[in-house]
Amino acid sequence: MGIHKKIWFIMLLAFVLFLAACQGNNDVNETDDNETPDETIDTEENAGNNEDDMNDGNNEEEADHGGEVTVGIEAEPTSMDPQNTTDGNSATVQSTMFEGLLRFDEDMSIVPVLAEDYDYSEDATEVTFTLREGVTFHDGTEFDANVVKENLDYVRDSDNGLARSSFFSFIDEVIVDDDFTVTVRAEEPNSAMASYMAHSSAAMKSLEEYEKKNEDEDYNLDREGAVGTGPFQFVEWRDSEHVIVEKFDGYWNEEELARVDQITFRPVQEASTRVNMLQTGEVDLIFPIPTLNAGELEQEDDIDLYTGPTTDVFYIGMNFENEKYHDLDVRQAMNHAIDKDGLIAQVLDGYGTIADSAIAPNVYGYSGQPIYEYDVAGAQELMDGSGQPDGFEATLWTRNNTEFISVAEYAAIQLEEIGIDVEVQAYEAGTLFDMLDEGDGTDLWIGRWSPGTGEADYGLRPNFASDRVPPNFNNSGFYINEELDELFDEALATPDEDEALDIYADIQQRIYEDAPWVFLHIPDAIIAKNQNLEGVYVLPSGAVNLNLAEFR
Amino acid sequence: MTMTKNVLDIKDLTINFKSEGKELSVVDGISFSIKAGETLGVVGESGCGKSVTSLSIMGLIPSPPGRVANGTIEFEGKNLLDFKEKEMRKVRGNEISMIFQEPMTSLNPVFTIGKQINEVLLLHNEMNKSAARNRSIEMLKLVGIPRPEQIYHNYPYQLSGGMRQRVMIAIGLACQPKLLIADEPTTALDVTIQAQILNLMRDLKEKTDTSIMFITHDLGVVAEMCDRVVVMYSGQVVEETDVDTLFNDPKHPYTLGLLGSIPKATEKIDRLYSIRGQVPQAGTVERGCRFADRCDKVMPRCYTEDPPLLKMKEGHQCRCWLYAEEEGGAEIDS
Amino acid sequence: MDKQKKNSPFRIFLRKFLKQKLAVFAFGLVIAIVLVGIFGPLFSPYDPHRPVTAQYPDMGIDLEQLTSLTLEIEGLLSNGETIEQQELTQIQTETDDRRIAAVRRSQSGIRVSANSSGYTDAIVESGDVSAVSKVLVRGEIPLDDAEPTISQIRINQPDASFSEGDSYQIEVSALLTDGTEITSLDNLKELAEELYGEEEEEDTSGFQSSTTNDDDAASFQINSLTEDTVSVDEDGVVSFESDGEGLVQIQAGEAKSLVQFQVGPDSIEPVLTSLVLQSTTIELNDAYKHQSPSSLHLFGTDHQNRDILSRVIHGTKETLLIGFVSVAIGTVIGTVLGLLAGYYGGWLDSLVTRMTDVLLAFPGILLAIAVIAFLGAGITNIIFAVAVFTIPVFIRIVRASTLSLKEMTYVEAAKSIGVPNTVIIFRHIFPGTLSVVMVYLTMRIGVAILIGAALSFLGLGGDITAPEWGSMLSAAKDNSGTIFHATFFPGLAIVITVLSFNIFGDGLRDALDPKLKE
Amino acid sequence: MLNFILRRLLGMIPILLIITIIAFLFVHLTPGDPIRIMYGAEIDQETYQQMRESEGFNDPLIVQYGRYMYNMTIQGDFGQSYRTRSDVSDEVLRRFNYTFVLTILSMFWAILIGVTVGIISATKRNSLVDRVGMISTITALSIPEFWFGLMMMQVFAVQLGWFPTSGSGTWIHLILPSLTLGFGVAATIVRFTRSSVLEVLREDYVRTARAKGQKESVVIWSHVLRNALIPVVTMAGLQFGFLIGGAVVVEQVFAWPGLGSYLIDGILTRDYPVIQALILLFSLQFLIINLLVDISYGFLNPQIRYE
Amino acid sequence: MTANPLLEVNNLKIYFPIKKGVIKKKVTYVKAVDDISFLIKEGETLGLVGESGCGKSTTGRGITQLVPVTEGEITFQGENLAELAKGDLRERRKDMQMVFQDPYASLNPRLTVEDILAEPLKAHGVKSKKERIERINKMLDVVGLNRNFAYRYAHEFSGGQRQRIGIARALILNPKLIIADEPVAALDVSIQAQVLNLLKDLQKDFDLTYLFISHDLSVVRHLCDRVAVMYLGRMAETGSTEKIFENPLHPYTQTLLEAIPISNPRDKKERIILKGDVPSPVDPPKGCAFVGRCPKAFDRCHHDRPQLLKMNAEQEVACHLYDE
């Protein structure tokens, strides 16, 4: 009896030890086991194993064959379906696998991809695409006009519950003219249609995926349906570990065939951890990067740093339902009270520019305005002239990540100098959206807006149009300006580009002067990579394109 | 008195304990010896130093705070105090073994009875496991445990206090020691069980010829068990004699008082003799007789001078000034 | 009387406690920390909520803390006139390294603002002319002397008009950013080659994007902008080919200037030929944040340039509040429930025990996270969250202690006398549990502070702008690799505080342990 | 004994039921909307309502709870993550491996370091070794875990380059996080072992063992340890709860793809199915660990019998 | 000795349930006290003897209502304690006090002697502090303690002094009955004599009645007028001290007396040694509780539970040997 117990005890200990020793290798072992019986899926298996090799610094050796890129991203992607994606991390991953008819190039101009050409009708209600021939999806199916129609119709249908369905609600009908010509007709004149079609969510998916979904209700398009036409194809998505894509040999554009065999995206939440991983060579490319680390990385010889403006605009929104902000003097005083130069220097370590309009310079239709200079005395004068010379108390809502909080802290400190006593409250992003959408008790909040379409309409309308007040998004400050509403529609209906640009310039001037926001800054995108990696494109929106990445 | 040789000879043993920076002599220059085959009773109230003495023989005084400051403990002619720890380990459990007061806690609760007897056997004897097992069961049988094969596999909690004390005795006697130190082995037991254990020990002593040092505060037990008695008070031997003399011709006032204060089951006394005052903590009286404060026959001298151990007659010594002149007893050098 | 008091259990405890030097020291620290928590704000050197730079003037600290200045420029026209900067159109500004300094046009001039220490070039451009100014930003990193670069080029404007076939040797002088002048074209060319010759090729970042400049490739250029009227060779000899206006541009590095020629008789409009910068070297300071520890700021400053020492001092109160209040709530509720459940037993005991079991089924920090997620962040909620998971701990220990004390004979004695239950609980049982409660209480304060910090780390902390140690750590954690002091001092404050409480609690435990003799 | 385990398992059911209710109410009454979190600001009201309807958020809570319980108990379906749209039960199982390995290895360090140092400290009581050991453990208990983790990463991964900074893959990845996590627990175990050993050293049977002439080392490692371990095992079991809590922080620091980071992400994004499943899992885990602790008692302490 | 009965105990049963099962079904009972009856007359000392676990202490606690009585009647001064209202019961307690075995555990270490002695006074409505101090001082004199000791804490005293404090606490309300639960078992021999003498003196001075619970037969013989011998929760024999010690009838009483160590080596004797241990009170033998160890057991002892039989004016015994 006693001996038995002793043995049990030892076995228990041994078990624990065994688990501790083995479990760590589990993944590798599993793949190894699978590998032996089935030789044909060799490439895929290699992918799994090579990830470990890479950590030993075997990059050089692999370079001839293309190699594998590991990318450290900020957060877990949420979906592999572009039509159901609203976050940047997912979009980055998807951009390796999916393509749309058009895309934005590095200068934010629209270039054809799966479409060879496109034409607006005279009244800007229709746009006709001539499609590229000979494009095949990763699953071998052909790309044609029907695919375009099916894709657009599927995403438009709100019954399918896709996040991007309303994005395409401007479409009235998609008409297949012939096998490789397709026309998109809008309900109203819309000169921004091409921009919409260049958006990452207008990506083309293989029709087989829709069929699978139709057959099986539980088929998970978000995780399994990643079949596009891009230079990479989907391999594996393990939550919190990685998403792996590998080179697609049948890519239509032979000049732009993928140059590496595989890309692994690894979500790493802690920014400092991402930086450490780049320094130790565990990843080849990371973004975003805390501005402070950027300076440090800049000094490192074998790390390249990219910094450049994005299309994000940071602002402090104010609630017009609250009388405090009815006075233009107060709003302008607030704009004058904040030292944007200091903000950029201090909070962004210089990696940013002052927002001189409600949209960023890289957005189509941008027109810069003379900024509100930092002038405490002037601001105080404005306050003195307003109905609230002694200032007031305010609550400033912010997202609870370091970047937003620092901005909020900074603004709060400075607004206090003109008597506005600001209390900063941080909320988790989702909660904050929810609170803003509810519209109750909103006072001041730190906002960030970037038009995914890269043009002015989407950059301005959601924030300033009267019909976008809560619960519709994103005019959370209940800013009502009927003149603007008319101008928005007018601009969209104007097929002539220059005319439209003039209208947008007018709109921006009116907004900037009316100061419904405290305009803050446009942050830089900061991306760092191993020096050996080349061919990384950064879009003006700050998005990274890895399709042509290769090792030097 | 036949001249049998002494198994144990303690001379001038002084044991100090450190407490609050001061060293107190818990045992202060005691000397006594145990002859082969003899049962020596060591009697005294709590705190008189009897347990510390027994632990010092085993070399088990917790150090710090305790230490042997002076004296020798000769076991079969060799001074145990000179033994290294390794040599001492060979003595413990083998040549001298010990049983303790609390049978309930003296056995390790997580090991079987068998394992605990085997342990001592395997430590001191060249024998294999099965031989040890047989010997263990034999020992269990010897100490009167029913169904020894079964008990062998039992855990201590499955046994009653009396049974556990039997197991302790089995462990103590397993290696046929020359000396068994029994430190209040029956105090925690009920009368009927105490009677069983005392009986058992008497029987075993006859069979094994082991000398026993029997520590107790119960004079009744002494009367039943012992050949000679050492009475201790406050770290000193105050009287040493054979058991018959102790009960019928005690000399030291403390011994007298002790005998007088015990109620007897056999006769009814209306009022007990009682020693006044409290038992002093060993080592706290600095000068004079340690019993002086409580003594009915105290003289001025008692407060100032330490009384020597006086020889009353052959084998009877007493530490009291009362007998310094009248008996003319020679002082035993200390 | 005094002699008797000496032996009261409290005195004995005190004597035992005082013997433990380390614990006494820790207790001293605890007291000191509490005092800092209460009175510290009165003595803190700076206002913890405002950047120190804003406080220097009030405090009479005279520091050259120029973080930005307005650079005045003038335009020089070909007719010799100057125009004010307000009239200059199409001004474009840029710095070589935006991380170090930014430059932009404002109503009052060209505004140069320091970002972080280093030096860079600020380029002001208007049409075809540009000028460069060196920007030096002093900060943590000591700067080597900056290599001067070419700031402005001045080309002598010929007064006369030329006619076809003439030629003209351009005379050039240039101003360097360190104020020295170069007077010959050859020298300028040489310098430009030396300064910019190699640098320009070095765009090897491997990033492909629109913002990489590839226009001004050459280090030194001299070329005609009106090739049909004038042509120019490398040595600055201009030949006039037809009538009209002739413009020649000289570019050295980032500096560009024009010279205008009137060829033929028709008079021409004067053009902007060069920009004159008021100063060629701008010295600024990086005083925005993360100042290293110095005599001015013993613990340095944080990311909002607030004095960390002051914030640590002010934060003591918040941190202690989290520690004390949450544990106090937990202790009181836990002790009361534990006493009642332990003493009365029965259904009350079953209920309380079940409740503790369920609460203990959640690991402490998860419970705290849950509470915070439910109630939202904020110091009161942190306190509540920590209290919630402190309660079951105290219920357990008090209940266990009550159960054993209940069995003590002196409690039985009191019962047998007829002492009411409430009196028994408060007189006999509660004081008995007090020792273990005290020990846990001190230890738990440390745990509470740590949990508070962990909640902040996970983004679930209290007021982010408040000077609370946990939030300070959390705010600085991204930079822990680069900025040592911003995490170190708040971290140290936490460690020292928690350590003091723990050692103090340890000392209490030893002093209250009946097994350890006096 | 089997009967005992069965009884204990049955006894868990009501507790778990209460926990499902608490967890359910907790996630559903918490402010924050999963749809918003899933899609950010970029969906309009119509789509939003559509999605609420299709996820069933507009039903009364009791109906939602019923559906949840039905799916979970009858279908074995814990739902789909709102955030990554993966099957929660699959995902939890997969991540459980990671957290399990991490916590087990941490526990291994903790016990290895804790018990060894604890015993040395106790046997050399009041010596220099003891004092150093005690002060360093108490210091270990006073350091915020994430700070310690970041420092470990700075020193051993970034400066010395001995270990990868973070992530998973090989067992080397496990070393730093498990050490960070085990550190605090080790300190607790040291203290506990020490006092437990000191307690046992005072016991009579230790004196008996010495009186038998047993070697001091055997006395300590056999007689003392076995008894001293009984309370240590309970404490270690309870510390598992602490480890799971600590894992949340440590997994965050080291980007370890375990349940801790899953939970934090889940809470931050109001990923109801994930939160519910994890709370249930953590509670179950805790209860099972308690059961295991109780069973291990039986091995350590023969006096406990299971009826 | 014709006084009235002060305390009468009839068919007292005290069972402790052992809880088992998930929903805590009460399955078995420890029959600590299983149907015993006895009475104590005013002014006498009844010794309740037996080995550990025989239920003698539980009996004492049952009488003072410290443990719930399962069944039976306790009549004190003619009043059935079970029928008393709570307030009245507290009032009765005044007349019925306990002295406990362990003088170390029975005094709260956090209180001074004054606090300890004042507690019963407070509990029974002595509000004036002056009066309390007066009575405390008087009581300290009575038990032979220095008045200055009032301000000391219990831990500063030796075992004998503590027991005096315990006795003082019991006496301070002038009770009629003192239940002394092994009051000298934990004391050294010399101190034991002091306390025993004190108890005797007090009885004389204050007209006390004692229920003296002890396992030490010598002490019982010394102190008690009558003796009740318990075995495994049942009464084996009661009678006057003289009778029990001179002429024990129950085999258990006989062996118990035999087991007492001799007081002089000259009295060495041969004796019957009782075999085995006391059986578990959870599952006592069906017939006579002593049957398993009884040298004189016969068939009937296994089946029938013997009832107390009056053997003579001073002795009752529960044994089938005397059934006729």
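Order of writing sets the chain letters: A, B, C, D and E. Residues in each chain are counted from 1.
The criterion applied here is as follows: a residue touches a chain if its C-beta (ideal position, glycine included) is under 8 Å from a C-beta of that chain, and two chains touch if they have at least 3 such contacts.
All figures in this text were calculated on a predicted structure; none of them were measured in a lab.
Visitor: Count the smallest number of chain-to-chain hops linking subunit B with subunit D, moving only between touching chains.
Guide: Contact-graph shortest path, subunit B to subunit D, evaluates to 1.
Visitor: State the smallest step count from subunit A to subunit C, taking one step as a move to a touching chain.
Guide: So the least number of steps between the two chains is 1.
Visitor: Central chain, going by Cα centroids?
Guide: D
Visitor: Take the average of all CA coordinates in subunit B, do the same for subunit C, and state the distance between these two points in whole angstrom.
Guide: Once rounded, the distance between the two centres reads 75 Å.
Visitor: Between subunit C and subunit D, tell me the centre distance in angstrom, where each centre is the average of that chain's C-alpha atoms.
Guide: Between these chains, centre-to-centre, one finds 34 Å.
Visitor: From the C-alpha centre of subunit D to that of subunit E, how far is it in Å?
Guide: Using C-alpha averages as centres, the distance is 53 Å.
Visitor: Return the residues of subunit D touching two or more other chains; collapse runs of consecutive numbers into ranges.
Guide: Residues 31, 150, 154, 158, 252, 268, 300, 302 of subunit D touch two or more partner chains.
Visitor: Residues of subunit C touching 2+ other chains?
Guide: Answer for subunit C, listing residues that touch two or more other chains: 376, 459, 477, 480-481.
Visitor: Using the touch definition up top, name the residues of subunit C that touch subunit E in the complex.
Guide: Its residues touching subunit E are 1, 4-5, 7-9, 408-410, 412-420, 423, 427-428, 431-432.
Visitor: Which residues of subunit E touch subunit C once you look at their complex with the stated criterion?
Guide: Spelled out, the residues of subunit E in touch with subunit C are 61, 64, 66, 89-91, 93-94, 97-98, 100-102, 105-112, 119-120, 122-124, 148, 151-153, 155-156, 166, 169, 173.
Visitor: List the residues on subunit A that touch subunit D in their complex, please.
Guide: Those residues of subunit A that touch subunit D are 2, 5, 8-9, 12, 16-17, 19-21, 23-28, 51-52, 55, 76-79, 86-87, 158-159, 161, 163, 165-167, 220, 222-223, 238-241, 266-270, 272-273, 276-277, 279-280, 282, 428-431, 433-435, 437, 452, 471-474.
Visitor: Would you tell me which residues of subunit A are touching subunit C in their complex?
Guide: Touch list, subunit A to subunit C: 106-108, 270-272, 275-276, 290, 292-296, 298, 304-309, 341-342, 344-347, 349-351, 353-354, 370-371, 373, 398, 400-402, 405-406, 408-410, 412-413, 416-417, 423-428, 524, 527, 529, 531, 533-540, 548, 552.
Visitor: So in the complex, the part of subunit B that touches subunit D is made up of which residues?
Guide: 58, 60, 85, 88-94, 97-98, 100, 102, 105-112, 119-120, 123-124, 155, 157, 168, 171
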